[in-house]
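Common to both upcoming complexes is chain A, partnered first by chain B, then by chain C.
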Partner chain A sequence: MDKQLRQLKTDKKAYGKLAGLLGLAAFLLLIPVIGDSYAELFFYLLFINVALAQSWNLLAGYTGLISLGHAAFFGIGAYTTALVMIWLKWPFFVALILGAAASMLFALIVSRPIFRLRGIYFTIGTMVLAEALRIWMINWEKTGGAQGVNLPLETALSYTTMYYIAFVLAAASVITLAVILRSKIGMGLRAIRDNERSARNSGVNIYRTKLTAFLISALITGLAGGIHAEYSGTIEPYSIFSINWTLTALVIVIVGGMGTITGPILGAFIVGLLGEFLIHYPTIHLIILGIILIAVIRFFPGGLRGALVTLYRLLTEGRSARKIAGNQSGADAK
Partner chain B sequence: MSSTTLIAGLVTGLLLGGLFAICALGLSLVFGIMRLVNVVHGELLVLAAYLNFTLGRWAGIDPLLSLLILVPIMFGFGFLIQKTILNPLMNKGDEAPLLTAFGLSIIAQNLFLLIWKADTRSLNTEYTGLGLPVAGIQIPLMYLLEFVIAIVLILLVHLFMRKTFLGKAMRAAALDADTARVMGINPKFVYAFTYGMGSAVAALGGTLIAMTFSFVPTTGLVWLLNGFVVVVLGGLGSVFGTLGAGFLLGAAEGLGGAIFGTGYRELVGYIIFLIVLIMRPSGLFGRSNG
Partner chain C sequence: MMLRLENVSKSFGAVAAISDVSFAVQKGEVLGIMGPNGAGKTTLFNLIMGEFPVDRGTIHFDDKPIHGLSSHEIAAMGLGRTYQIPQPYRGMTVVENLMVGDMFGGKHASLSRARRRAYEILDRVGLADNAEKLAGSLGLLDLKRLELAKALAMNPRLLLLDEIAGGLVENEVVVLRDILDDLKKEGVTMLVIEHVMGILFGLSDRIVVLNFGQLIAQGTAKEVMEEPQVIEAYLGTAHAAEDRDGRPASGPSVAAAMPAASAGSGAPSSAAGTAEEAASAALKGAASSGAPDGSAASAAFDAPTPGTARPAASAAPAVSAQPLLEVVSVTAGYDKFIALFDVSLEIYEGEITGLIGVNGAGKTSLIRAITKGIPLMGGAVRYKGIDLATVEAHKLAELGISQSIEGRKIFPELTVLENLELGAYNKRARQRRKQTLREVFDLFPILEEKKNQLGTLLSGGQQQMLAIGRALMSLPDFLILDEVSLGLAPVVIDQLYKAIVEINRRGTTILLVEQSIQRCLDTVHRAYVIEHGRIVLSGSAEELKNNEEFKKAYFGV
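Up next, the complex of A and B:
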């Protein structure tokens, strides 16, 4: 009886969550219809940021691998997509898939050496790797050097189309994470994050599990890069391989709540809204983001999501505590 | 390509390696003593360059003379950063201080942009552009100066670490903070002192960067990465290793620049770094126990 009741309660909670998500999705799908181009741009960037943040989160929050080189995956996805469209004149979607494949191939090639690096060495290694790639692209004349390349204008997709593509990417990245984390791989990842040695002793294949997370992360980031290349119409190495992509993902994840799925979505909203609010003061925007980042790490290690959960618990526990107290005083009166 | 070009690249690169070592020393100290990857180190260098630039504007003092004021200021500044912002996170794993330093780096870069604008700056004196012709190779005076300063500085820091109580306390806290505490050493003070020392050395490094090259608000990243390369090649917290790795990186980049073109200079350094990091994660000159 009690068990059934509890089951009913969790079902209710799950349905509530599902209904909320569907409502949000419906709202976002309607934005290009009911909103203006300004709202469209805002949410487009939000989707790209959610995808980047989730892919960074998969490594940092669930595997314990703090990468400062995510810009490499983004840049490779963007450049491969652009070059396939320019050189081979293939359509965007084929190019996008090849871009994501190139990003994953890069991840696969660097995975064996880079996984030998532990903790802070992994962080430094990924950062230097991404910078090395950026300098290479700035100097390599074949891919336009520092000037970069322009994507074919005549086949360019509309901003609204790109909006929906970015929406699909963001939704897919959230769903992918949710599915992975419920799978055996997800359990292995968290075991590695918490204690690599005991994970190995429990039979987790460390290399393969890490590689899976790394490849999925590269896939999502590479797709985001390819989509952003088509959206921008022109790409150059300074901004496409910029450490700022990694930075944005990192800030969003930590501010929202690392190692959770809803945290980065919340974080992307907060960072996006702050950006809109301070759109004419980009330097002040970044200074405030830096301060928020430091404050969150110090005072709310669980991010805003963690802070909200704590607040909610405090409020509801306070209420149930009062209820119990009330019942007891009632019993006393009898 | 003539052999003179190669030799010139090698020699000037080697000399410039002194600057690499100076700029990496602060990073190496902080890394070695408290295992903190100080990603805001590049911004400390650039901050010193800007402060020196402003001092020069106001008072017209020679940049090297300004260091008499700048070094204590940067020491105090670094001490305060560690004491107020980083120390509370030191027992919360590697990630929290690293990501906090990342936040500081974002704040610093944008403050530079706000205060000093995006213009390219440099510290120019009558002697910064001079060069000495040696055997047909033109050697910039600044490179020579940096080579000498690096050797002297490294020796001084080495002596400090070996002979003074504070130096010994730093090494003790690095080995085992808890035991050091039992012995009457306050690790938190030692950490703040170490960070202050790193920032003080950055005052020198930043000034020399600005006298040799030019700088903008985002210049810190290149020097941070160069610093990583030097620190990892030199081995965790090894002072002489930092000097050796600085020279090695300088020579390799100089040679690489001469062979592949100046645009690829840093790429050569990064690739050597990645190869060494993967082959020997404890560095070329490093002891595995730090």
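Up next, the complex of A and C:
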């Protein structure tokens, strides 16, 4: 009885969540119709950031692997997409898939050595890899060196089309994460995050499970890179391989709530809005972002999502909690 | 043969952890593994589970070689293990902790099925009420239960249990015993490492005994207990000889600490004579009377020393009138949960004061309240007349307060010497560092022998010595010792208690928290009994021993 009630409650909660998400999706789909090009740009970037944040969170929040090298996946996705379109003249969607594949291939190749590094060393290792790749691309003449390359203008898709493609990516990344987390592999990932030794002795294949997360993360990030290349029309290594992509994802996840699905969505909104408000003060922007990051880590370890959940609980359960407390002190007095 | 080890050897550096060990386990059999601390029991489990490779020898499971396989492959073949120190997935709920084992070890993909099975197991081990809590929020006892539940969730064909009864109180041991008996009836093959002899002897069909990494005996409980080598390994001849010379021992006449143990039939637990005589008599008693739970032997193992001399400390109490530490009407707790209600106690300079209570009574909370680990909700703690509310937590060491924490929290990546030197962190202690180090090494010679080894390579008993040694390095006037004997072999506990009395004799005031009540009362000058967060009884050790109510509650007589 009690169990059924609990189940019903979780179902109700889940349906509520789903309804909220669907409403949000409907609103976002209408943006190009009801909003201006500024809104379109804002939300386009938001989608890219949500996808990046989800893929970063899959590793950091659920597997315990803090990566600072996601710019490498992003850049490889972007460059491969661009080069396939320029050199082979293949259509964007084929190029995009090849870009994501290249990103995953890179992840596969570096996985063995990089998984040998633990904790902070993994973080440093991924950062070094991404930086090395960036410097290589700056110096490689075949891909335009520091100047970068221009994508074919004649086949360029409209900003609105790109908006919808980015929306699909963001939605797909959210759904992918949700599905993974409700599966066996999600269970294994969290077990690895919490206690690798214990997980191994429970039969979890650590390498394969980590690799799966790594590949999915590379896939989503690679797709984001490819889409952004097409959107930008021109790419160069300084910005496309910039560590800022990774750092933005990191800030979004930590501010929103690590190890949750709605956290990064919330975080992307907050960080995106903040960026818009402070767009004319680029230096202060970063300082404020830094202060927020420190404040969140210090005061809301669960991120803003965690803080909101706590607030919600306090508001809704305040009365019953007081009742329980009253009963308890009564029992103690006896 | 379900599991077969042949000539297995493993060394860590120059230390031979396991040398040339061979034995086999049949399907449905329960094999007990005994041995003093540091004998290599846990290392053996680690080798079977493939946590590190064997140097030599072979391990077969179901006639398939498993040495050289990785841990997850071995686990997926149907081997489940528990850890002596619980290894939960802290960020996952209790039920999810079990689901991992079911889905990966048991190779099932369905979450709902795994959840259902997990609930069944949680019901069985008594954790169902905590199913949806985060594992990280559980206390040590529930974590121990979770360890067992996690292993069971894998639906293992061979279960490796490492000290799952350590630290449990008597009625919890009984519950655990029932669970294990049921498993045995269901035909689960088990390998059991256990210091609680009641469980080990009652459950095991056969026992193998390890000492210094070597297999020194195997057979039925009765057979191995008659082996002189086993008696020597457990009780130590040197120790017994010392008692014969009439020198004071630290914890004499330690009768059974738990009611369950003292209820055993015909256990000459406080018999006079040498330790060997007492022990082997008790062992024979246990084995021949066929005591199903082996409690007689358990009594003997808890009581290896004959009741001759009183401890030096209580013979000459050097008590001053002014209390060194005063706890005045302290109320404290964690968030919504109040652990201490209006607790008052006084600790006098030069004394050993005991704190007695079952698990969850508030012992560790009281220590945390004294050492500023949890905030006070009311009352005050005064040390040498100073209100500790005005002192920052990290300054306590400078005031001369030091503690050896429950669970022996040493730094595993540092050497023994580095661990000790870290203890002498405050300025006063740093200046006298070399001298103090000498004194600690005199107290625990094994630490000097192993001073360049990593903390992780020490056995449980040696880790406890290191933890106490580190606490001493800060030159404390007041030393808090929490659960010194938890999970240690009697011979090691004896050594530790000898050291504790010696530390006190040199002038350090001690607050001793101990589960083994008899041992505690034999060592301390005065003691406080805590129940449900309240001090319910206090007095000198003698007074408590003669208090009928107390005897009834804690000794079951």
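Just so it is clear, the second predicted complex is superposed on the first by the 311 of 334 C-alpha atoms of A that agree within 3 Å, B and C clash if a C-alpha of one lies under 4 Å from a C-alpha of the other, contacts with A are read in each partner's own complex, and residues count from 1 in each chain.
FYI, a contact is a pair of C-beta atoms (placed from the backbone, for glycine too) under 8 Å apart; a residue touches a chain by one contact, two chains touch by 3 or more.
None of the values given here were measured: they were computed from a predicted structure.
Aligning the shared chain A places chain B and chain C in steric conflict. Of the two partner chains, chain C is the only one touched by A:Lys184; chain B is not. By the touch criterion stated above, A:Thr283 is placed in contact with chain B alone, chain C being left untouched. For chain A, the partner with contacts to more residues, out of chain B and chain C, is B.
By the touch criterion defined above, A:Lys13 reaches neither chain B nor chain C.
When both complexes are overlaid on chain A, the residue A:Ile66 reaches chain B alone and has no touch with chain C.
Using the contact criterion defined above for the overlaid structures, shared-chain residue A:Arg313 touches neither chain B nor chain C, since it reaches no partner.
No residue of chain A lies at the contact with chain B in one complex and also at the contact with chain C in the other.
Within the complex, the chain C residues that touch chain A are 49, 51, 70-73, 75-76, 80-81, 83, 87-92, 96, 99-101, 103-107, 109, 111, 135, 150, 154, 336, 338, 341. Across the complex, chain C is touched by residues 182-184, 187-188, 190-191, 193-195, 197-206, 259, 325, 332 of chain A. Chain B makes touch with chain A in their complex at residues 35, 37, 85, 88-89, 92, 94-96, 98-100, 102-107, 109-111, 113-114, 221, 225, 228-229, 232, 261, 263-264, 266-267, 270-271, 273-274, 277-278, 281. Residues of chain A touching chain B in their complex: 66, 113-114, 116-121, 123-125, 127-129, 131-132, 135-136, 138-139, 243, 247, 250, 254, 283-284, 286-287, 289-291, 293-294, 297-298, 301.
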